């Protein structure tokens, strides 16, 4: 596979028990930039995204056929660990989902589980992640307060920052601005515009207008 | 005519129900009042710090207090990891299958076994077969078996109440299943689990039949986990039934009730707070 | 890392099997100790025999079985009406001042240790029965009353869950059709919650048959067939509880055998209750 494509989805079908959610999908996603996916409601967009980082493994009774490649390697190869995969491909969900802990602990969650425990290194990673998500200035003085106290837009940016702390290669965003007010939406879109030069982003946008504003 | 009759029936029924409710409250007050009124005067500091003298006619109840605490501690120590582990397995590592149904059935059955049977079991298994003798260990392990079902069901309820999104987030940040359990699920379920433990503690404190057959009834201060011991409830029972000392019986009873009430009140308060917090 | 996860999963499976293991151990050891004696004397002689004289090797537990059921029956006669009444009260009149006291009162009743119940029965109820109704006071009547209150919380909590789980449309529909409040409760809600209420009663029965300490303190110690509610008696549980302290040899085995019979009765009852409540929620 030519390496200009970060991810290649080839003839991929997905089944929940006997219900076929995805049928023979073929997609090539270039490295860096924002790739938007459209579709009517319940057409399987979330399923597709979740297949890309193997979150679908957690649901019982699912099957798939076909392949998905990341940098040329099949992600469903049994010798590859899904946990490592999920660090390389991060996901943001449609509702902001901060964990019930402080902002600092939310950010440190991923790196700590990956083995980074040194306090200084953690602080560096956290600051870098929060800056990339354009959240650092707003929270730098209250890193140890509960993340549940942030506004919706801030929480969602925290979710983005959380993933960035793991230094992933791909970001998956499923309707990230649903339920957010226009100001928060604008700030997230701005964040995405800044990120697209560094990361490969696959986005299910909230509207066609959003796609035209940010996608390539 | 018929119209009238309906309302007469309703009136009678209402009166009956009100009487029932009031008498239930009344009886509860009667029981508590009886024991506490006669017993609290006996509760001075020496009562708690002295050992019994003269087969319990005088002195205090210190060894029994230690016995109660020791037995409860052993029970909680063994039952909590087993119970919480079972709950984690049922909720995180399997779905509804033959194994999970079997485990739940076993747990429900265990919850229904009467305490005297636990006593017989503890006696033949821990005291005789495993040669632990009448001891804190035998009694504590028997109690652990008794409270296991309670811990399993409260832990399961606590884990069930955790939003699925927490799990998704943890996994998507690269957590393994066990890491998700230890870093996200257990910390969030802790209040519920703790409440279950408290409820079990309340039950263990009042348990008599199983304890008497496994921990013995020695009034001496225990020296190790293998020492026989008399708990407060056993002491109370022996004092009352053998007619040794009504005054000491009342005192021990009052101490027992106060302890149980305290633990249960805290547990219920936590339960309400936790439920309200979640909702 | 993946192997560590697999090991943890296996360990958790073993841990989860602990409750079944304990149940199996209990069943095994109780039967292992008790069955040989039942075989030795003959099941019919053991279960139907009416004489229990350990020194002569006579082990008939029929009076105990009979007394267990008598006391339980008495307890249910008190517990079911009172329990249903309190359940209805809690579901329909909860916000009143009495209602807010009733629930904590029931929780307290549930928390009180059985020995305290027994003690209260001994010093308050037994003399009352003795003075006003005759007999030794230590009687099946006293036992039934105390036991009735002991199983009250069990019946109430499960029945209440059952009634609360009913769709509110049942009540609204009945009232809209012109039924009085009471008629709605009695003819619509309670029958609808029937299986839950029955399950609660069966569980209450199980608790009643299994109660030991309070019964030892209140029932007296008579080893013969009771002829009236004022007689003293022994239940299966008190039989074990009273004599286990000094029994040995065949005598001790006979007590385990009593345990076997008790165990089987309770397992049957509880399985029935579990089956009924699963059907309700399934």
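The first chain written gets the first letter, and so on, giving A, B and C; residue counts start at 1 in each chain.
Here is the rule we use: contacts are C-beta pairs under 8 Å (C-beta built on N, C-alpha and C of every residue); 3 or more make two chains touch, one makes a residue touch a chain.
Values in this document were obtained by computation on a predicted structure and should not be read as measured data.
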**OP:** Treat touching chains as neighbours and tell me the shortest step distance from chain A to chain B.
**Re:** 1
**OP:** Select the chain whose centre, defined as the mean of its C-alpha atoms, is least distant from the mean of all protein C-alpha atoms.
**Re:** B
Subject >> Rounded Å distance, chain A centre to chain B centre (Cα mean) >> reply: 46
**OP:** For chain A and chain C, let me know how many angstrom lie between their CA-based centres, rounded off.
**Re:** 56
Original post:
Using CA atom averages as chain centres, what separation in Å is found between chain B and chain C?
Top reply: 17
Original post:
For chain C, which residues are shared contacts with two or more other chains?
Top reply: 1
Subject >> Two or more partner chains touched - positions in chain B >> reply: 176
Original post:
Of all the residues in chain A, which ones touch at least 2 other chains?
Top reply: 83
Subject >> Interfacial residue positions of chain C with respect to chain B in the complex >> reply: 1, 4-5, 8-9, 11-13, 15-20, 22-23, 25-26, 29-30, 32-33, 81-82, 85-86, 88-89, 98-99, 101-102, 104-109, 111-120, 122-124, 149, 152, 180-183, 186, 203, 206-207, 209-213, 216-217, 237, 240-241, 244-245, 255-256, 259, 262-263, 266-267, 269-271, 273-274
Subject >> Residues of chain A touching chain B in the complex >> reply: 53, 55, 58, 60, 83-84, 86-87, 90-91, 93, 95, 97, 99-100, 109-110, 112-114, 159, 162-163, 166
**OP:** State the interface residues of chain B toward chain A in the complex, per the touch definition above.
**Re:** 95, 165-176, 179, 183-184, 188
Subject >> Complex interface listing, chain B residues touching chain C >> reply: 6-7, 9-10, 13-14, 16-18, 20-25, 27-32, 34-35, 81-82, 85-86, 88-90, 93, 99, 102-103, 105-110, 112-121, 123-125, 129, 145, 148-149, 152, 176-178, 202, 205-209, 212-213, 233, 236-237, 240-241, 249, 253, 256-257, 260-261, 264, 268
